[in-house]
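The structures come next, written out as structure tokens.
One chain, chain A, appears in both complexes that follow, with chain B as partner in the first and chain C in the second.
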Partner chain A sequence: MKLIENIPDRKLLLFKSCMVSHEYPGVESATRYVFDRLGIDYLVNDEQSCCTGIGHYTDLFEGLTTAAIAARNFAVARRCGYPNITCLCSTCYAVNKEACELLNTNDEVRDKVNSVFREQGLDDLVYEKGDMNPRTNFYHAVEILLSKADRIREEKQLDFAGTRAAAHHACHYYKVKYLDVVGNPENPQLIDTIAAACGAFPVRWYEDRTLTCGMGFSQLHLNKNTSLQVTKTKLDSLQRAGVELMLHMCPNCHIQYDRYQPVIEREFGVEYDMVHMNIAQFVALSMGADPYKVCGFQTHSVPLEGFLEKAGII
Partner chain B sequence: MSLCCKSLQGTVLYGIFTSSILATLKYESRADSKLMRASPEKTAVFICHCSGNISEHVDISAVKKTLKSEGISVFDYEYLCSSQGQALIKGKISEEGLDGIVIGSCTPSKHGTLFKKCIQETGLNRAMLEIANLREQCAWVHPEKAEATEKAISLLRGKLRRLQNVEPLEEIKVDIAPQALVIGGGISGITAALNLADNGISTFLVEKDSSIGGQMAKIGKIFSPDKLAEECAMCSLSPLMNEVAAHPKITLLTWTEVERVNGSAGNFRVLLKKKPRYVRDNCTACGRCTRVCPVVVENEFNCGHKDKKAISLRFSQSVPKVYCIDPEHCLQLNGEACDGEACGKCAEACRSGAIDFGQQDEFFEINVGAIVVATGFSEYDASQKPQYGYGIFSNVLTQMELARVLGINGPTKGELLRPSDSGRLSDADRSGASASGASVSGSSVSCTSVSGACVNQNDNLPAAGVPKRIVMIQCVGSRDEKAGGSPYCSRYCCMAALKHASLITKKHPDTEITICYIDMRAFGFYENYYRAVQDMGVSFVRGRPAEVVEKPDKSLVVRVEDTLNQKRLELPADLVVLSAAMLPSPGTREIAGVLNLSQDENGFVKERHSKLKPVDSSVDGIFVCGTAQGPKDITDAIAQAGLAAVRARAFITDSPKILENELAAINQLLCTRCGVCLDCPFEALSFSESGRVVVDPLICTGCGYCTRHCETGAIQVAGFTKTQLKAEIEGVLEEGDLLSFVNSGISALTCDNIGNSVLNYPSSVKLVRVPTGLVVDRDLLLHAFRHGAASVLFVEDPPDNPKAEIIYPLVASHFEKLKEELGADGSRLHFKKAYVPNTKGLAGTFTTLSREGEMIK
Partner chain C sequence: MMPLMPHVNGYDTPECKTLAETAKKSIRTPTSLGLDRCIQCGACTASCPAARFTDYNPRQLVKKVQENDRSVLESEMIWACFYCYSCNLRCPRNNSPVTIVQVLRQMAINEGIGLERLEYFMEIGEVLAENGASKVPGPGVRNMEKDLGEHWIGFKRNLESIRAELGLGPKDVRNTNGEVRAILEGTGYFEREKWIKGKLQEKRLHEFLNVRCEKNEDKSGEFGFETDREYPGQEAFIV
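Here is the complex of A and B:
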């Protein structure tokens, strides 16, 4: 189990996510907004490339390519002196962590990756066993926020008292590496705790809480009906629990709920009352960030205006 | 030389009880001791193969060859711990006139005592034996044979060097207090106390609750391996409880807690706190008080049902049968008014004048020779698995709560009802509260008549409240490697679930019961019972449920995959019962701290050896039994408690006892009587009447704090003198090594556990056992650096028990001071707390630090 007191706030490489960048860029800007105000020592490095996760899970990249690209990104992180890879997306988190473990323990894979680097004259990318530690070099941005929950409580400008918020913890965070999670992986409370620090009322348990978002990467496109059915099941439970705000930590889940809630409403003839945002966007809002310039809510499909008006932000 | 050793085997006798005798007999040893040397030609090494455990990883013939070339005789044997192995050692000692022995074997915490006894039988002083740990700290942690062999040689060399600088160890004997203390009055504690008392030992039985009986008293019926019928728990337990109360050799102390324990094996001085009952012992248990008491409180004994008054018995068969006032809720004690005036209604109603609101905490000390820990278990908090809805949905119970519900003295008088049919349950609650007084004033409860009544009652009941569908979920918190769960099997839950399924099916044949399991573990003769329950029509689904969902009518749905046919099921249920894991009780964790006992990674009290010493704790004279030692059922708990009693009795009757621990010893020839050492944190040192510095052997922990400032080196920890430590360091070190000083307590155990857990670290890590880091001084560190140590690591016991709470901060500041004194070399010193479960962490530290060392090299 990861201990909250061991979460670092220095030398963090804020790892850019393709899904965040092209779907909800406000998640990254909101995270930076909050990190800046909490005095966290982080860096965004433009040399970094995509983790390959979306391609890997849709069977476009096989494991070796993923491992090689991870090794390259690790070299980028080490070279700039910010070796604590901190992800905005739970898939980046799981892919990087898993790749690091693979590179440390599987000599064959490491040798193959390194020989490709050497053949191409990229000796500076060569990965030696133990260059990165899968347990202490990989974090999700939510863990950093959680470790600063007390500061967030102090710094908040806006209190979301009474907002019924439910957390959707991403499965690639707490199910892939379930032995290395902050808290109990069967009942993760990261988002709930941060939301409570912002004054919201976290609906800590609801039916189907552990259900995935339903995206399943290629499943959304190949078995669309099943995929949306799963999403609908959880939305139904949340509706019954009277939830008005669903908080996310992974752009994939975020897409599935925010982009597809209107689709489900249309195709299944239902209506939902809840809106969606990333927990970093929520924290930024409570710290006084602009809902559009910082949080980027204009890129969302489920309109947030009603929620923002109710909270007195617009 | 060997003759000289034998003559030096001193014996000091101590009296007990009377501290005045102790004071005059303070330990003034070493005045006449001389440095002894085991001559190399008279020293032999014995290596144990440990049936391949050592010989498969260490090339024993290579070790022999190397040492022989240095002129040392080396012998090896398959099992040195066997009587043949010991005979070999003894034979060689007499044949070759050996005066020094080095044994290369498993950890000395396993067979150290045995080997010590073996060489003492030949007349050698126990100081002439050194044990090199070739198993846990060599063969099991270094997978490369060449490295393990090299390491084995260096470990043996260290011990050989040490032997050349030994001093004889005094034998300190103490008389043992001829009384025993049993902590915990559950079935294990009761059994242990009765067995001790029946064998003539005066025994104190201490229980924190107001009655003995423990968890077993809460269970209605119990299962047995030999029969299919379930027996009444109280019918087995009640006579034993009464026997305890009546036994002339047992002093029963309920509502009492252990505050502090001083002294050591054979002479534990135990401070007890007796909490005020506010009722004197002349209480006749007539029950008038409880009838007039206006305050209804939650009944912890009855799963928190509000069916008890502020003055009550814990349950109607309580022993002792003396009422007890709940100080939190009593109006009188809290100065609250009742009907406009001070309450005191119970005092008015009591005809024997037993109520005494003026009682206070009473503290008193007892002196015992041995202690049996029987502090039991508590049930896993199932609300940590919110997916099962415990604490969220009213119709989810635990197996212990169901046992209580099915008990005839339970919240519903044995009626099985859905908890959510609250109207009915609260009716039962109310009748329960008034009936408890009635049953006390009447004759003692006879189970057959009452259970008969229960059946009749049920015939007349409308079926509404009786659950028609029950789903039981096994392994909640057991066999669960995720955070919040426990990895072990709790051993009793499969049988408890089967028992409850059987009881319910017999009473309510229409109720359908499904048990969701991972594996059904009906071990031994219980298999018959399992088969019988299957034949009754109880269903079994192999799968760990994902989630329990509540419907608007409070009924439940259990979602589970039947992993035998890979089908997802949604099982409707009126009642869900969780078989929650057995955890060490808070009392067990607490007492382990107070008594400084080793615990396993789950917090149970760890036995010294699971097979050879299954009830001996890590501390001499303290024994453990029942669920304080590990999860088990009643049958096993009773068997183990009997053994604990036998072991405790054997310990007490083997008086006087030789103290095993190495203590501070003062060389009176060197001592200048400056008194610097008198700042002992345990106050074990003092000036005697003749002006000498003396050690109280019963108080001294051998921590070594006193050795830091002694300029002449007059005070040293016997067996760990600076000369010995220097010699060992010279022997083990190679250039670039990481030298680690390991505290002999928890830290040494944790180091051994690295081997037991099949983890590795580099063979350049050399461990040297010390009493605590306090004996390591600047001189010793410089010596280590001179002999090749790249860095030095202190491995210390965490401040988790009273002794370590005192020692740890001393070692930590001692370490900081050393670091400062060493200047630039200070960066080569490291410090690590060793927690028993954190074997991986410690192995990791060893690896990282030794890698750094290689870089320096």
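Here is the complex of A and C:
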């Protein structure tokens, strides 16, 4: 289990996420805003590439390519002196952490990756065993926020008292490397604790809380009906629990719930009252950030205006 | 004659005598994989979103692997997993059906199965090489446009100005100095992509020539699956 007291606030490489960049850029700007306000030492480095997650989990990229791309990103992180890779996307987190473990423990794969680097004239990317530590160099941005929950409580300018908020903790954060999670992977409470620090009322348990979002990488695209049935199951449960705000930590889940909630309403003849945002956007809002210029809510599909009006923000 | 598969995914699918050995040696599965320790308790199936809404059954799939039943590679079932890792978390014996099924899909791909599914996402390789970032591939964008409509299309058009307003770079293009492309070339990814494209072309030609001679063979085995029975397929396969 990861201990909160061991989570660093220095030398964090804020790892760019493709899906955040393309769909919810406000997640990145809100995270930066909160990190700046909390005095966290982080860097965004444009040399860092995609983790390969989308291609890896749609079976397009094989493990060797994924490991080699990860090793390159580790070199980028070490070179700039910010070796604590901190992800906005749960799949980036899992892919990087697993690749690091593989590179440290599988001599054959590490040698092969390094020989690819040398053949391509990329000697400075060579990865030596132990260059990175899978347990202490990889974080999700939510873990950083959680470690600062007390500061967030002090810094908050808006009170979300009475807002019934529920968390969707992303599968690839707590089900892949489940021994290395903050808290109990059967009942993760990271987002709930941060939401409570912002003054919201966390609905800490609801039916099917640990059910996946339904995106399933290829499933949304190739088996859409099944994919949306999974998503609908959780939305139904949240509706029964009287949840008004669903908080996310992964752009893939965020797309699935926010973009497809209106599609599910249309295709299944249902109606939902929930709105969606990333936990970093919620923290930024509570600290007084602009909903559009910092949180980027204009890229969301489920309109947030009703929620923002009720909270007295707009 | 089909071109030989360039064994780019040799680390995913090491050649072994049995499916179980390949699964254990694959780099897709954890080194501590408890495949032999499986007690067929069904915790995986009970936790599985695909099992809840389709006939997918990870417990049964693990049994097939233990029995070295290679027909599993031809079953539609292996393509139903969401990769959510709930079975990985819940298994009391440290088994990991979700990573075993990743190995099975790679083995199926080696035999030319499921390539149409890969074709849907194929654009990701070149986009990653060129931009250092991934995106939803073209067919996915077309499906999303249909589902999400004007608002989504409109915001995508304005993405650059929205990003600028948020203080982010106008486009998500990474500065990888061609290193990502060199890596994809070095690992053999592009060879694999070429092989898949060639194989698909060959398959389509074959289908075109034999369309009247072919029997409608049921490949679903005993694993019934919604796509076998009812699912009409998606237009988006036409890339």
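Rule of thumb we're sticking to: the second predicted complex is superposed on the first by the 314 of 314 C-alpha atoms of A that agree within 3 Å, B and C clash if a C-alpha of one lies under 4 Å from a C-alpha of the other, contacts with A are read in each partner's own complex, and residues count from 1 in each chain.
By our rule, a contact is a pair of C-beta atoms (placed from the backbone, for glycine too) under 8 Å apart; a residue touches a chain by one contact, two chains touch by 3 or more.
None of the values given here were measured: they were computed from a predicted structure.
K.L.:
Applying the document's definition of touch, where does A:209 land relative to chain B and chain C: first, second, both, or neither?
P.N.:
First partner only.
K.L.:
Does chain B (first) or chain C (second) touch A:64, or do both, or does neither?
P.N.:
A:64 contacts chain C only, not chain B.
K.L.:
Return the chain, chain B or chain C, that is in touch with more residues of chain A.
P.N.:
Of chain B and chain C, C contacts more residues of chain A.
K.L.:
Determine, under the contact definition given at the top, whether A:178 touches first (chain B), second (chain C), both, or neither.
P.N.:
In the superposition, A:178 contacts both chain B and chain C.
K.L.:
Regarding the shared-chain residue A:293, is it in contact with chain B (first), chain C (second), both, or neither?
P.N.:
It touches chain C, and chain B stays clear.
K.L.:
Is A:187 touching the first partner chain B, the second partner chain C, both, or neither of them?
P.N.:
Once the two structures are laid over each other on A, A:187 reaches chain B alone.
K.L.:
Looking at A:1 after the superposition, I want to know if it touches chain B, chain C, both of them or none. Which is it: first, second, both, neither?
P.N.:
It touches chain B, and chain C stays clear.
K.L.:
Between chain B (first) and chain C (second), which does A:28 come into contact with in this model arrangement: first, second, both, or neither?
P.N.:
A:28 contacts chain C only, not chain B.
K.L.:
Residues on chain A in contact with chain B in one complex and with chain C in the other?
P.N.:
In chain A, positions 178, 185-186, 210 sit in both the chain B and chain C interfaces.
K.L.:
Please give the residue numbers of chain C that touch chain A in the complex, ascending.
P.N.:
On the chain C side, the touching residues are 8-12, 26-28, 31, 49-50, 52-54, 79-86, 88-89, 102, 105-106, 109, 114, 117-118, 120-122, 124-125, 128, 132-136, 139-140, 143-144, 147-148, 151-152, 155, 159, 162-163, 165-169, 172, 174-177, 179-180, 182-189, 192, 226-227, 231, 234, 236.
K.L.:
Applying the document's contact rule, which stretches of chain A touch chain B when the two form their complex?
P.N.:
1, 178-179, 181, 183-187, 204-205, 207-210
K.L.:
Looking at the complex, which residues from chain A come into contact with chain C?
P.N.:
16, 18, 21-22, 25-26, 28-29, 32, 46-50, 52-55, 57-65, 67-69, 72, 102, 105-106, 108-109, 112, 116-117, 119-122, 125, 171-172, 174-176, 178, 185-186, 210-212, 214-219, 221-226, 229-230, 233, 259-260, 262-263, 292-294, 296, 298-299, 301
K.L.:
With touch defined as at the start, can you tell me which chain B residues reach chain A in the complex?
P.N.:
384-387, 392, 481-484, 546-547, 549
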